[in-house]
Amino acid sequence: MQKYLERNTGFIASTDKYEQADKVLIGVPMDFTVSFRPGTRMGPQSIRTVSYGLEEYSFYSNKDLRDFVFYDGGNIALPFGNVEKSIDLIEKVAQKVLEDKKFAIYLGGEHLISWPLIKTYAEMFPNLVVLHFDAHADLREFYWGEANSHATVMRKVCERIGGENVYQFGIRSGDRAEFEYGKKNTHMYVNEIIEPLREVVKKIGDRPVYITIDIDVVDPAYAPGTGTPEPGGCTSKEIIEAVLLMKNLNIVGMDLVEVSPLNDPSDRTSILAAKLVREAILNY
Amino acid sequence: MQKYLERNTGFIASTDKYEQADKVLIGVPMDFTVSFRPGTRMGPQSIRTVSYGLEEYSFYSNKDLRDFVFYDGGNIALPFGNVEKSIDLIEKVAQKVLEDKKFAIYLGGEHLISWPLIKTYAEMFPNLVVLHFDAHADLREFYWGEANSHATVMRKVCERIGGENVYQFGIRSGDRAEFEYGKKNTHMYVNEIIEPLREVVKKIGDRPVYITIDIDVVDPAYAPGTGTPEPGGCTSKEIIEAVLLMKNLNIVGMDLVEVSPLNDPSDRTSILAAKLVREAILNY
Amino acid sequence: MQKYLERNTGFIASTDKYEQADKVLIGVPMDFTVSFRPGTRMGPQSIRTVSYGLEEYSFYSNKDLRDFVFYDGGNIALPFGNVEKSIDLIEKVAQKVLEDKKFAIYLGGEHLISWPLIKTYAEMFPNLVVLHFDAHADLREFYWGEANSHATVMRKVCERIGGENVYQFGIRSGDRAEFEYGKKNTHMYVNEIIEPLREVVKKIGDRPVYITIDIDVVDPAYAPGTGTPEPGGCTSKEIIEAVLLMKNLNIVGMDLVEVSPLNDPSDRTSILAAKLVREAILNY
Amino acid sequence: MQKYLERNTGFIASTDKYEQADKVLIGVPMDFTVSFRPGTRMGPQSIRTVSYGLEEYSFYSNKDLRDFVFYDGGNIALPFGNVEKSIDLIEKVAQKVLEDKKFAIYLGGEHLISWPLIKTYAEMFPNLVVLHFDAHADLREFYWGEANSHATVMRKVCERIGGENVYQFGIRSGDRAEFEYGKKNTHMYVNEIIEPLREVVKKIGDRPVYITIDIDVVDPAYAPGTGTPEPGGCTSKEIIEAVLLMKNLNIVGMDLVEVSPLNDPSDRTSILAAKLVREAILNY
Amino acid sequence: MQKYLERNTGFIASTDKYEQADKVLIGVPMDFTVSFRPGTRMGPQSIRTVSYGLEEYSFYSNKDLRDFVFYDGGNIALPFGNVEKSIDLIEKVAQKVLEDKKFAIYLGGEHLISWPLIKTYAEMFPNLVVLHFDAHADLREFYWGEANSHATVMRKVCERIGGENVYQFGIRSGDRAEFEYGKKNTHMYVNEIIEPLREVVKKIGDRPVYITIDIDVVDPAYAPGTGTPEPGGCTSKEIIEAVLLMKNLNIVGMDLVEVSPLNDPSDRTSILAAKLVREAILNY
Amino acid sequence: MQKYLERNTGFIASTDKYEQADKVLIGVPMDFTVSFRPGTRMGPQSIRTVSYGLEEYSFYSNKDLRDFVFYDGGNIALPFGNVEKSIDLIEKVAQKVLEDKKFAIYLGGEHLISWPLIKTYAEMFPNLVVLHFDAHADLREFYWGEANSHATVMRKVCERIGGENVYQFGIRSGDRAEFEYGKKNTHMYVNEIIEPLREVVKKIGDRPVYITIDIDVVDPAYAPGTGTPEPGGCTSKEIIEAVLLMKNLNIVGMDLVEVSPLNDPSDRTSILAAKLVREAILNY
């Protein structure tokens, strides 16, 4: 029977066997603390669905997904509306991934998911560098009175691993205090990506790197499907180039967040995200 | 200058003066615990915006909003993603409304907002009756491990005020245990509204009544803009009739929840909600 | 060459020859005075486009469009934003239609187009009866200071031909003064269509009849593509039945207005309108 | 690891084991011969996705999907644009299903898929009765010169099994010749469903029954997501009632076709379809 | 009570007190003369709504809206469909603004609103320079027979203040006669913005400047929400840069027109417009 | 009568007389073999509809459509779902066009339509050069087992006319085998357009040229309305420039394919296509 049927149950070319895979995809459909337009919980599933419109082969990398064994684990089963329990669960999953010695790409969901992820990775890799691509600085101390928020996530990361280990690219929105904090504490490249990234890549050497990409770093012309679109961003060509530029780094983890498919009837945001995931699987 | 300008800052025909109003509208844009499609946080603002397409006069009631003084207070400023603090805040607002002796209509937001509201009203009115219109029983004890959820709200209400004081209309979805709980503990009218409501209205007498309407009691043909559409519901004519049937009751509070405008590009869900709000202001 | 090609240039099964046709379709894409959501200017073209999804044969009437010779004249070329010149132009077109002894169905555009049309028909047919299907009474004297408006059109008609010759069906929205005017001056059937229509049809005899249908008489569940949706209306079955009920009257003209396709991505409003047009061509 | 994750790979509550299941769901994503708006190929996946917004328990049937073992096989892998090969493949799948003695529900895709299905079932069950719910008669001999078409499917069925074994409900569109063919050869109930179905159910006894439901039998207010919407149809309540009315028949196969999710941003068409599938699994 | 509530009644960070403000925002929701797709009447309200997704602080300008006192006056109450009265009203409002010595930013609405505005400003500032950003030359003498049209507005401006005082940027569409008129009479920079603007800014010195931006100067990839999208335009980065380039000029008035939110479900057009408004408030 | 009416029956400024025209537009609404999202059958009609929002005059070319006599023949009447017959029909139409010595622009539909077109042109022009603009190489030998597919079309072309006569621009997606085939057999410019095109144009001289443009060569930010969007493409400015760069070649035929309007509510894809068609009519 099965020979007649296709069951697209994960990202294109993914395997069903966790054990055999050395790379894994994990959806983290949390969108509880977003302030403007919710909906990123549908991001991971949308990225999987549209991945079937892509080729497994990438001319950018001259590699083919079918030559890799990676597992798409579906989504973490999060308790709706419970931020603290969700953060705990995400942490547990990341610990298991690291314990099992897999390379994981986490698909958001909102940006707050990067907090439990980076915290866990930093415990395992004390010398961790974080490369952060985003329209927003996300360096607030509190947002609407909450310390756990998509707008505070990088502040929490800085406080944990030291701002000097955080590189921020493409930032073009934030409170005055965030920009001041960034200038003092992190490496913040305002409204720029490719040029500074070339330099940073050279500097990092073989330190362990965690990449967090908020899709809104891309201009909403290219990525309208996101919760807080911020005109004035980069093109799809540039973000693809950025992902490829990092391929020789010692990347230990990565997330791609804030894809919100409801706001993009053309699905091009999810398709761009799927393309970035493909390149990451092929190269990281 | 002002004579040339119009500033539509609230529901049609609302006043700016809280003190002078005996009725108030309050938006409660919480959508943190929803399981399927978020977006009800935009409900209150959408209902206000489309209200300008309605007449102030209603032929159903032969009354005109311009003959009433009611205040539209905007939305409660809720902390994104923090369910407990949000519940506290909603309670505080309801207490203040009651203290100030106003009649309030609360606009959701998700159905969980009814929990702090009804709890507060039940303290003030020990003999409270709750009339609940919904496609879903909302009688779960836990939902995805959470006691505070849009799917547990009526269970919490029953446990607080006694299921015998809860009347449920239009229910057509729920777990087996919910239907069993309902049959034993509440007055649950499955898939029916108008006929049982006529009887219930006669029975209630002058007891204080709180009305909670989940817009998904209406069929998604008439109200597609909601988070969990459930085919097989009532028509727009029937829900208007239901609201009018209750006009001689001693109504002390009311909420209208789960309007999610993103899922309805025609805005007819918000317009229907605005019409129900108009009739409630005119008659309750 | 032409044998390979199809050029859908008008309503399904329409001819290209004005002279040979005894029935004509004319689009009147005016939407300048609408107050809520513009877009009815796209109505006539949308109705033509979707007509190709319908059958030429109607089982309701047991007749086939291909057995009729009717002409689709396209749209009147109206000066954008100039209400007075537009009204003049519409009048001229109606006069020519009557002079040429054609039966015309006019497709709106907004409801104000019925004013120059009915005025012209009333000159030709002094004993004219108007049957008006609408959610809104349209009996205002002025609307935002304007006498020429989609909200005043039936008042102007009444003042011209006498309210006693105007029958209004399905009305469920209006100012108090409009309902009072209607009760005193017209035959207004509030929120009812089929039952009173049966009676009215019997009474009218062979007097000349002009039919004006505002698509918003239908509930927005069935016809969301309109400028001022008004929940609580009739079903698609009922409006089809209404159109068929009038088939033995002496119908001299007809318009169908307020279809606004932008607000209905499913196109079912235009399809319903096309179906009513088909039945009107087959039966009037 | 798996304990933290959920992978929604099929219809809600479906199992992964074909062998253990006595009922199966199979998607047939063919939309090559449609004339108006393509897109039904996305139907099966959309029905699966939205099924997670439904309860496993149905109060209509007082049964729970979790008490059944059914398999969701995904979609048949069809060659794009090749109608003949697709028909062959569908036939092969149906033969295998029958050989394995499973009860199958096939999800379209366009209506032409019913031709290879019913042909196969008729070979196995010589006494087969077909119950056909549709807005369109689908009794053409040719459509645009093609004998294999979504508009000829029931004609081909009649020619194979005899029109006297075909019952058609809700038909309201077709060519004159189709209605004449229907009147002479099939049991065609024009624009009616529930009343004649009650009678037919009594008459059929324990003959083997194949049910084919084109979702456009429902009015586009309730099911806008379809390729050829036809105003004037039944409500969601009525189609649910129809599915339940047949529960005591000897149903040997069923398909549900023409769900086209692109035309319905509210997803209520897919949700209605999922609900019908749930009731069919619970009762057939 | 008010401490719990937020009422977003105007642009983010605007005050309620006209008298205390030195800058004002005024919506001019006229869309009566547009030829292609109406809907700009919803522009001002949409820009206000999405402004809450922006930061009050701008890193571009290193300034914060909360350090400014500006008033959002809502929309001018225009008579629907009456172009002449609307033009009069707009003129009266502009006169009052100038009399009260406020700096105003007017939000369209269609481009014709710039005619009464610039006429009024030219009376007050005889030496006025107009900087015009647009895809379309808007230099027709008549459009569909009308002198008052969104397609004639800059011609009327030229005739009033002299084409030599009009600078046009980004023009890429128009009739042959418009380009010829432009070449002879205005400073028209075809398909170019930033380079010529740098030069023009130097030349203007401290002459009073009125800026009129038609959002369709931006490519529809970045600003799809407009009535007459014209592919081949500038990016969002470029229009932001253009607005900042003018900050040292003696700007006495500004309008931003042709935002039509219905055509952009992602809202990025309104968000870009809101960002330009923010920079204008901070810098002009 | 006709003086009052406008009937937009073809592309803006097209004539009704085939015989008098030396250029023709022909729609080819085939979308049967597409793999991801169908809907290009609506492409030709959408391009015609939006063409009325463009100017007849182009400043790029300093020419006016009204100075040309070209015919819009509507669409080829294709048998739905029958790929072979459709290919035959397209061939017949192309033969007739060549016989009648017209220059034709064919509007897709899917890319497979280029196969019968180029085959026919290659018979007439043995020295034919094909310039191919596309995101996808379309060089597969089979796709899902089918040799006739939108993914095999350029392979079939190469096999017929020799890959050395095929120039491919903008390619950024394909299987590894396709890139290898392209490198060996065609002139494939990966991810580049303007620079190589300048060189190719010089080399071609006066050889007969057939141009095939798949709109997805443009980035989905600029052209979201297509079946297989591929982020990382060119801008609208670049594709316009490319079309203009070829104006001095000996162009004998052209197609523009894969516009799928359903996926682009802003219509900017169709408008861009219409602009390219305008420039092609003016210059080829």
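So that you can tell them apart, the chains are marked A, B, C, D, E and F in the order they are listed, and the count of residues begins at 1 in each.
What we mean here is this: contacts are C-beta pairs under 8 Å (C-beta built on N, C-alpha and C of every residue); 3 or more make two chains touch, one makes a residue touch a chain.
Note that the coordinates shown come from a computational prediction; the quantities given were computed from them, not determined experimentally.
Participant: On the document's contact criterion, could you list the chains that touch chain C and likewise touch chain D?
Facilitator: B, F
Participant: Spell out the chains that contact chain B while also contacting chain D.
Facilitator: A, C
Participant: Measuring between mean CA coordinates, which chain is farthest from chain E?
Facilitator: Here the answer is chain D, farthest from chain E.
Participant: Sort the other chains by how far their Cα centres are from that of chain F and give me the top one.
Facilitator: In terms of C-alpha centroids, the chain at the greatest distance from chain F is B.
Participant: Since chain C and chain E are copies that touch, just let me know if over half of their interface numbering is common to both, same, or not, different.
Facilitator: Because over half of the interface numbers appear in both copies, chain E and chain C meet with the same residues.
Participant: Based only on mean CA positions, could you tell me how far chain A sits from chain B in angstrom?
Facilitator: 38
Participant: How many Å are there between the centre of chain B and the centre of chain C, using C-alpha atoms for each centre?
Facilitator: The computed centroid separation for chain B versus chain C comes out at 38 Å.
Participant: Quick check: what residues of chain D touch more than one other chain, meaning two or more?
Facilitator: 35, 37, 77, 219, 221-222, 265
Participant: Run through the chains and report each pair that touches.
Facilitator: Touch list across chains, by label: A-B, A-D, A-E, A-F, B-C, B-D, B-E, C-D, C-E, C-F, D-F, E-F.
Participant: Using the touch rule from the top, collect the residues of chain B that touch chain E in their complex.
Facilitator: For chain B paired with chain E, touching residues are 1-2, 4-10, 18, 26, 45, 49, 72-77, 89, 92-93, 96-97, 100, 265.
Participant: Quick check: in the complex, which residue numbers of chain C touch chain E?
Facilitator: 31-35, 37-39, 41, 77, 79-83, 85, 143-146, 148-149, 262
Participant: Over in the complex, which chain C residues touch chain D? Could you list them?
Facilitator: The contact residues of chain C facing chain D are 52-57, 59-60, 62, 64, 219, 221-222, 235-237, 240, 265-268, 271-272, 275.
Participant: Spell out the part of chain F that touches chain A in their complex, as residue ranges.
Facilitator: Result: residues 35-37, 171-176, 179, 190-191, 219-222, 224-225, 228-233, 263-265 of chain F touch chain A.
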